[in-house]
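The structures come next, written out as structure tokens.
In what comes next, chain A is part of two complexes: it sits with chain B in the first one and with chain C in the second one.
Coming up: the complex of A and B.
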């Protein structure tokens, strides 16, 4: 049986949660991701940087009403990697399936 | 949430499903817009009915005031800083729906001032109100807004049948009360309840 390797960048609880959220929206602010993933700012920030370095997400820093704002958006590479990850997961969960 | 915790395949799937569902649930409506616009239209239509009934001089005074307030509110909305933490694909679609609705409404209002009989023109307003209510109600999964759409379409048909403009205004007021104000109130109460929990 040929099992696909799971992407180590995505095979982490928080990074997978961030990418799953971003796949469903056009873009999201850091505070939204923090709230939905129930994570700490420091940890989330580290994981966002890892995803950014891998080219899976784009991060834009801007100011809104004098407050810094971090906007995250999934990239085409991120979408493709997520799709491959889900396919790989399916191959593990359903080895006899098509 | 831990970052480097060893993940089982089942846990991975659970996270994906949970997060996608969290993002989906983010589409909401606090009902305030429906309450504000509904009340303005309701008061304008009802006062027009009363003005005609009492043979007052400036029948369309309330609609003139409504027009000025609308321009002020739309200008404010255009320039106010947007504070949304997330921008969804459906948000972008709904923005286009809003734009289409406002343009269509302005063309109908223009037609009432140029050539179309007020009785027909206001009937067409209810037609596009209904369409708008259906689209928005579907997006936020509000049965009360979608019921409001049906009421506004029924109101439009009633306005086309009833030839007396005075009663057309009464029909419009009722349609907006049932289609905008009551659903807006329901959404507002749900929103408040959600904030408290």
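Coming up: the complex of A and C.
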């Protein structure tokens, strides 16, 4: 059986949830990701930084009405890695390639 | 399938010991991806405000223009359309504020914004052509035709049938204008914005409120 290696950056529930959300939208604010993933701000922040360090997402910090705003956007590398991850998952789900 | 899960767990356990959430199966991964994509995809960001603003403004202006033409109360009844400039400024301020508040920007939002920007440019070009060639009589039929394009395309992008019907109605009214006296073009315009913007605007608002 030929199993493709699963990307360790994406093979984490929270990071995968963030990337799955970002792949569906143009960009999203931190609070949107927090609300949809049901995670704590601290944990989400750590995972976002890991995705950013891997080059999978772009993070922009700005101010809106004196409040800090964190905007996240998936990168080309992030999209490619996500697609590879899904292909790898499929190889586990259909080991015979059917 | 069990040996496959064991294989994955064995593969990643050393790295992910500190975080339980990494011990999940490929099936769980696919379910999570599907759930997140659906959550983002089903998000409805259009609250119908601009459809209602422009719908009511054009409706009131067109009907007022028609009444003023019929009653001859004003020498230049067309001046009523100057209110559109106030609405344009208001719209710019509204959109800047809305963009800052928005927690998420979808791809369809971007497409719809560009469709309406093209509509705005087409309207400007139409005004220039019509005014330079003194073809004001064709202004309203062409406006009806152009109204149909962004309305229909927004309906297709949002998968919102009332807007698609609105767009088609604009084109039907543009054809109807060929057998109508020019003074009634204003009433056709009022009918168009009622069907294409005001009614869908209220339905969009209702849908938005239900979702948020």
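The working rule: the second predicted complex is superposed on the first by the 97 of 98 C-alpha atoms of A that agree within 3 Å, B and C clash if a C-alpha of one lies under 4 Å from a C-alpha of the other, contacts with A are read in each partner's own complex, and residues count from 1 in each chain.
By definition in this document, contacts are C-beta pairs under 8 Å (C-beta built on N, C-alpha and C of every residue); 3 or more make two chains touch, one makes a residue touch a chain.
Predicted, not measured: the structure shown is a model, and the values here were computed from it.
Judging by the criteria at the top, classify the pair chain B and chain C on chain A as clash or fit.
The answer is clash.
Is A:64 in contact with chain B, with chain C, with both, or with neither (first, second, both, neither)?
both
Based on the superposed arrangement, let me know which partner A:21 touches: chain B (first), chain C (second), both, or neither?
In the superposition, A:21 touches chain B and chain C alike.
Taking the superposition as given, does A:36 touch the first partner, chain B, the second, chain C, both, or neither?
It touches chain B and chain C both.
Once the structures are superposed on A, label A:8 by its partner contacts, choosing first (chain B), second (chain C), both or neither.
second
First (chain B), second (chain C), both or neither: which does A:92 touch?
both
Taking the two structures together, which residues of chain A meet both chain B and chain C?
Of chain A, residues 6, 11-14, 16-17, 20-21, 23-29, 31-32, 35-37, 64-65, 86, 89, 92-93 contact chain B in one complex and chain C in the other.
Within their complex, state which residues of chain A touch chain B.
6, 11-17, 20-21, 23-29, 31-32, 35-39, 43, 46-47, 64-65, 86, 89, 92-93
What residues of chain C sit close enough to touch chain A in their complex?
4, 7-8, 11-12, 15-16, 19, 21-22, 24, 26-30, 32-33, 36-37, 39-41, 43, 100-107, 109-110
Can you list the chain B residues touching chain A in their complex?
Interface residues on the chain B side: 1-5, 7, 9-13, 15-16, 18-20, 22-24, 26, 81, 83, 85-89, 91-92.
Please give the residue numbers of chain A that touch chain C in the complex, ascending.
Result: residues 3, 5-6, 8, 11-14, 16-17, 20-21, 23-29, 31-32, 35-37, 64-65, 85-86, 89, 92-93, 95 of chain A touch chain C.
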